[in-house]
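What follows are several structures.
Note that subunit A is present in both complexes that follow, paired respectively with subunit B and with subunit C.
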Partner chain A sequence: MCLIKKISLLLMISILFSMFSGCFDRREIDELAYVMAVGLDKGKTNALRMTLQIAIPSAATGGGKENGGGEGGSESSYEITVETPTIYSGINIANTFVSRQLNLSHTKALIFSEELAREGVKPYINAITRNREFRPDMNVLVSKTSAEKFIRNVKPRLEANTARYYELTLAGFNYTGFIANTDFHKFYRQSVAIDQQPVAILAAVSSYEGSEDIKLEDSTYKDKGRDLPFEGDFKAGKIPNSGGLKAEVMGLAVFRGDKMVGELDGEEAGMYLMATGEYNYSSMTFLDPVTKNNFIVLNVKQSRMPQQRIKMEGDNPHIYTKLILEADIMSIQSGINYEKPENLSKLEEAAENSIKEGMLRYLNRTARELNSDICGFGAHLKKNFLTWQDWVKFDWPGRYKDCKFDVEVDLKIRRPGLMVRTSPPNS
Partner chain B sequence: MNKKIVFGNWEAITVIINMICTKIFISFPRFMVEDAGTASWLLTIYISILAFIGFYIISGLYKGFEGKDPIELAELAAGNTGRVAAGIVLTLLMLYFTAYHLRLYAENLKIISLSISPISYVMLFFVTGMLVSAKTGLESLVRLHSIYVPVIATGYLIILLAVLPLFRFENILPVLGTGPYEIFIKGFSRLSIFAELILLFLMAPYLRSNRNLKISGYTALGFSCFFLLTGAITYIGVMTYPVALERILPIYPMSRLIDYGRFFQRIESVFVFIWAGAGLLYISVAFYFCLEVFRKTFRLEYSRPLALPFAAIVSTIALLSPSLMASIQIDSQYFRRWSWILSFGLTIIILMAARIKKSRKATEKNPTRC
Partner chain C sequence: MRDIKKMLKELFLFNEPKKDDKFILKETEEEKNQIKKEEIEIKQEQQKKKRDRSVIKKLFDPNEEKYASSESKEQKTKQEDDHSQPKEYISKHLHENLDYMKKVFYVPENGDIVIREFAVTLKKDKVAEAFIILIDGMIDRTIINTNILQPLMLLSNIEIEQREDEVGEQVKKRLLPHNQLKVTTKFDEVIEEVNFGGVGLFVDGSEIAFVCDVKGWEHRGIERPNTEIIIRGPQEGFNEVLRCNTALVRKILKDEDLVAENASLGRRSKTPCSILYIKDIANDDLVKEVKRRIKSIKTDYVIDSGMLEQYLEDHTFLPAPQIIATERPDRVAAALTEGKVAVIMHGSPFALIMPATNYDLMHSAEDAFLRFPYTNFLRTIRIVAIFMSLLLPGLYVAITNYHHEMIPTDLLLAIEAAREKVPFPSVVEILIMEFSFELIREAGIRIPGPIGPTLGIIGALILGQAAVAANIVSPILIIIVAVTGIGSFAIPNYSLAIAFRILRFVYIFLGAISGFLGITTGLFIQGLWLTSAKSFGVPFLAPFAPRTKGGFADELTRAPIWKQETRPDYLNTKDLKKQPKISREWTQAEEKTKKQNEENKNADNSKE
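On to the complex of A and B.
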């Protein structure tokens, strides 16, 4: 009995030793190369040109740079590009010349070139869904320039860690309203769904080298009947800026299924957020309702989810949307005392009309021009069907282009900022 | 010797909950979506009601057979032949439970965590667990359940609550999913999800009375139905149809979606912990009863010497299937469609036969009562 106990103890200790020494799947953290972003372009010599942005951990975790601020980012990652038939064969190729094994569990951005996105991304997103290393919260972007060019221009100035740069920049929709949350899970789910189509963040490398190069030709303000562009009347690559990062994001790429069918500018991205209830807050510019040549800036916040109803009028769906918003006054250029309760309603009405006009323009564009229900109105219609087969037969994606829209905006200005009264200039 | 082992209702309840609900982690929500589409939650409610009706009938028939398991009842009904026949069927059922789950858990662990390790190496962890449980016996196994199952349930509910913000009510519409025929006619066979309820009847000798059997059964079924329903409804509400058809491990991708800022994400580590624990407990119980049923069937004195040869048999059966896809297909298309016949049907037949035999005996003993 004693001998058996001794043997059992010896066996247990041996098993424990084998476990402590690691198993077949042991991978040391300093033997892995973490990919921060994956860029996919059409290849020249093969199906794909894949660009990988790889973190340099020693630089990203400080190395004296982060603490001192400044240009840690330019050294915290490096980029490699391979021509490859598929994503995983590309990673295999890259593993031959990257000293560490590539690991995708910290990838923050998946960037398709516009050309590839317009052809369809299904072959690639299918491969990504199957792999446990890719995270579902990774963002999907479409680059108007090549994905390779975009990634090579991501040289963060404030962040030493490139992953942190992606996290913060792509979460900017919370306070800009110019992009949206396009995480991979959502993108994939919507790409196979009937009731809602996917969007991706529009990215590009800036067209302007300096302030003198800035042009307004590519702004969308004229299409909206404005004399001057507002802040959201641009798309990535044409944002009037210089001196910042060359890589920029603004607007959304609209998909139908897995194929890109069009683009939205920054303002339309904000409308998308409001229509889907994902709008947080951001400052919005409006024309002064009295002087018509001054601006008023409000910090607009979506206080409740939008109310949406959809009914069939003959064969055509009629969609009613009510947006419930709150706002704080940020700037009144004209000096008119809009804080006065009797004037405030004028301002509210002007803001409501402006948002309503923008929303109708955006919704009609998604239906007539893009024919893609990115707001997910179809989901509200599903309750009218008893079985999935009936719902599929109804052919919602085919009917969306015939939708009629009614929009109601209820905006209440709550706070005036630090000023309770505007005094007109004495001139 | 084993007859002396007695445990409370709570232990029995936790064993049955784990045996029925473990499949939430590996297949159940997807099976429901495969059959009923967006109405997976409705199918879950339907089969839960069926399970309650089935248990009501069985517990009614159990009157007068206090503390007897189906093997003893089969012996009462048809003598040695009945005992051996029922014993072989139940041993095979337990062998299937053990072998299939051993393969599935090992394969899934390879998919989500140990991708390079050989399957036999991964299986070794579970085989070691089931051998240890066979050695330590039923009492320690059920005590372990009573401690660990609440932890598993808490982890599971945390995951469900954390993904709730991603739940969209529209995803469970259209309300009848793939149609009433698929749900209420074809869906009937999904009662097999509750096939593991047979273990409660195998535990009858340890529960002392029929009252305890009833209390344990109804409570375990109630909790199980709650967990199955919450799993099914959350899965379809978060993953949406038809994406919900694609996922091999239904709860795992949901746990990957949890993201509350930089400090509360990658919660799948909790999932792996509760999932592997639930699997180990499941395999251990199924293996223990495999040995125990075999011992009773052939009236052996001890079951422990059977542990090693049975472990070898189970491991071999587990590796018979050429791929994980083939294993899943066998389970989905055959076992989880028809095993209700064994767990509910066979038990009812045995009980009715034993009841007839008993009344005949009573008549023979006391003919004037007729």
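On to the complex of A and C.
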């Protein structure tokens, strides 16, 4: 009797399972189409023009059995574009002509066009936040060319799988320092916060067809008072390169609230990372402090989080930042023996000054020109207020433009690389 | 005309089939009567129950007593029937005994019963008739010839000065130079011994019979254990002979406190078995409980300890076994030193160790013999293997059906591409593969030796290649099934491995119904089930649920051997400590020990 009771109980439980939770949302993997990237432009006939990049699994995993490797022509993804009033109605439309149900749970990138970003992205990010299919760790990009054009130009050469392209390219800031981690969760939080403003990765399609087309227009080197552009003095779309992928990312799009207000170039993106403590390592170019026309390359690491203090001087906030960096010598073109202890401090000082200059330029630009506290200094100031209402009344975003900045850089050169001493060439 | 009509009739109409003269096993009258009786009993019980329900009715029910009295009457008559047949005590007259023994052993229908009649010289002119009875093949012939027949028939003629008056005494004291001699007055004991390889001796004029233990049947020698193969450690396994097995244990545990109590199982089979425990370690209540359970078993035949295990275990429906069956004397010895009780049964090479906890089932016999880092590594692998063999297919189904966002995009696309041409849902796919794997495993045991490798080839081809080439299953699934299968082989306990093989299907089902929710619920229910179970009064998940001391010393992981100072807490042994805190005295500095010695000496001197 007891056994029958137990069995019937188990049966009841299992029936309840299927009745209540059931398998209503059961989808086989091969019943779904996975969207790798979503691009949003201003529509011609409707509010939005949405581009979806959909993975082709058989191609993404090395083609069918017969071909083996990914032959030319078998692309790992394809793009569709729909004109639609909202994101979800667009997905509905797309579902009518894509044979499998679209699934956004593996979307790696959300790309806004610059036009749309400058108008404000609030309506779209709200909709995306609400849906659990979107991953909070997908990156937010702003494309200087149309998002559709950018996505259609993402045809990775190295990766068989487009998703992997996004994952690797957008994690490149770890060793370039030219973009930043702009995951959606962070972007959304900052877009509604008072103490920090969001940024998005700046993306574009390269404007150069071949090596002969490369020009220096739109490079920011002249504004910085340099004779030649350094590696960071470019923005996406104008990177002097050819032969690579047409789609490229460099620099950041600066937002105030949900509206884009300006752009940062690669070097400034590096400064952004240093100021927020997310800088990992990358090589930086400096002018030789002695000869003034040779380059020195250091591999700079951020060894500790930046120390930041903020004080109110009357009505103007005064922000003090100390960067603690380490560096390895990569190249000394002049052949001067900087590895000697007495020379080393000269080199350190030069690098410190150069970084300090760049940092001050960057901070002043965010305050005066862009008027957007993307580094999150507000968070340091917030603790001085007793109540939230006081803090809101203080109007930090409005006051950021009056900030004064003080920067101190502490850079220590640790290792000279494999070459212990520079021997000047006999001449 | 008529012929045609007849032929048509035969062709198209129903004809009674010719009666075959084949053998039909008919129900006997007795069986019919018994069934009727049982039916009546069941009815009565039901009526009784009905009556039980209403107390007031019961008070006024006149039938109550009638039923009771009729039952007892029936029983009485039954008992009388049973006892009218067998004789209890041995008669003084030899021919009566002979007739009775012939009747009991169905001579001459029984071909292997040997009755040898002869004469024993008791005094100069006094000769007594005698006979021995034995079962051919179960005895040692030379012992009977030289130690029993020879002295009785030949040496009794030798002149000896002292002669006993009584026939039985004379035989016992002077004529039978056999070491294991039992004197009895009851037929039952003689019959029992003869059944178990003894020889019964009846002498005319004596009311006692002699039973000599001359067991000498053919049996397997001591071989390597087949199921619990280890690399490091003793390589002896039990065989089917009880005394041989107990001796194997005693050989390892040279301890006079080791007790091997006798018991017999089965009303008809009367299988002897030994209950082994160490008197001053094992908890008395535990020993008592084991003995109580074994003695209370009422059945006709118990053939293997596998049957005994089923009679003894606490929970019939619990997926995990609650008694460890082992082929290894060293494992039994180790368990006895911990304070457990072992039962060895005649005819079974598997000894039972009880109580068993969940963690004992994950141990291999080798664990104690390996250095402790190796053991911990192997145990970790085993635990992972257990979880894999239980959950992996279920998790695969859950992830591919519900939780696509959980896996890396590359893997997702790889699974999708692999499943592209597969026509079935992933549940069906995995069930097909699991079923065919179980099929190969089951067939592999039964397949005759020489054909064995063929099965391997067919299995590998079907599972590994053809199924994928035919697009019936995806290659990723093959990996899942293979890993699961290998995982289940890594479980050291055979019964537990089977349990998890069954539960695996439950988890596939749960994963398919409601993804991780289902699997979590399954784990929860299984957890409750195991936590509530007990094996001989010990909670099944001890020492972790409930928490007792020393869970990490030897249950889940293993501490270095010098740190294992206590016996398992949950066994409540009489002697708690296995070894003192400092078991390796050489680690103490020499001076210290010297000092201690001197102090001891001084103390002794001062006492004097």
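As a working rule, the second predicted complex is superposed on the first by the 395 of 427 C-alpha atoms of A that agree within 3 Å, B and C clash if a C-alpha of one lies under 4 Å from a C-alpha of the other, contacts with A are read in each partner's own complex, and residues count from 1 in each chain.
In the analysis below, contacts are C-beta pairs under 8 Å (C-beta built on N, C-alpha and C of every residue); 3 or more make two chains touch, one makes a residue touch a chain.
Note that this is a predicted model, so its numbers are computed, not measured.
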Task: Contacts of A:161 with subunit B and subunit C, given as first, second, both or neither - done: second
TODO: Based on the superposed arrangement, let me know which partner A:108 touches: subunit B (first), subunit C (second), both, or neither?
DONE: second
Open item on the list: Quick check for you: in the superposed arrangement, does A:135 touch first (subunit B), second (subunit C), both or neither?
Closed with: both
Open item on the list: On the A-aligned overlay, A:85 touches which partner chain: subunit B = first, subunit C = second, or both, or neither?
Closed with: neither
Task: First, second, both or neither for A:25, with subunit B first and subunit C second - done: both
TODO: Check the residue A:195 against both partner chains and state whether it touches subunit B (first), subunit C (second), both, or neither.
DONE: first
- [ ] Have a look at where A:385 lands relative to subunit B and subunit C in the superposition and call it first, second, both or neither.
- [x] first
Open item on the list: In the overlaid three-chain picture, which partner chain does A:244 touch, first (subunit B) or second (subunit C), both, or neither?
Closed with: neither
- [ ] Tell me which partner A:417 touches in the superposition: subunit B (first), subunit C (second), both or neither.
- [x] neither
Task: Common interface positions of subunit A, toward subunit B and toward subunit C - done: 23, 25, 135, 167
Open item on the list: Please output the residues of subunit B touching subunit A within their complex, sorted ascending.
Closed with: 37-38, 111-118, 121, 128, 168, 170-171, 173-179, 239-243, 246, 253, 256-257, 259, 262, 265
Open item on the list: Show me the residue ranges of subunit A that touch subunit B in the complex, using the header's touch definition.
Closed with: 15, 23-25, 129, 132, 135-137, 167, 185, 188-189, 192-193, 195, 376, 379-380, 382-383, 385-391
- [ ] Would you mind writing out the residues of subunit C in touch with subunit A in their complex?
- [x] 317, 400-402, 404-405, 409-410, 412-420, 422, 425-426, 509-510, 512-515, 517-518, 521, 525
Open item on the list: With touch defined as at the start, can you tell me which subunit A residues reach subunit C in the complex?
Closed with: 3, 6, 13-14, 17-18, 21-23, 25-30, 32, 34, 36, 55, 57-58, 60-61, 103, 105-106, 108, 133, 135, 161, 163-164, 167
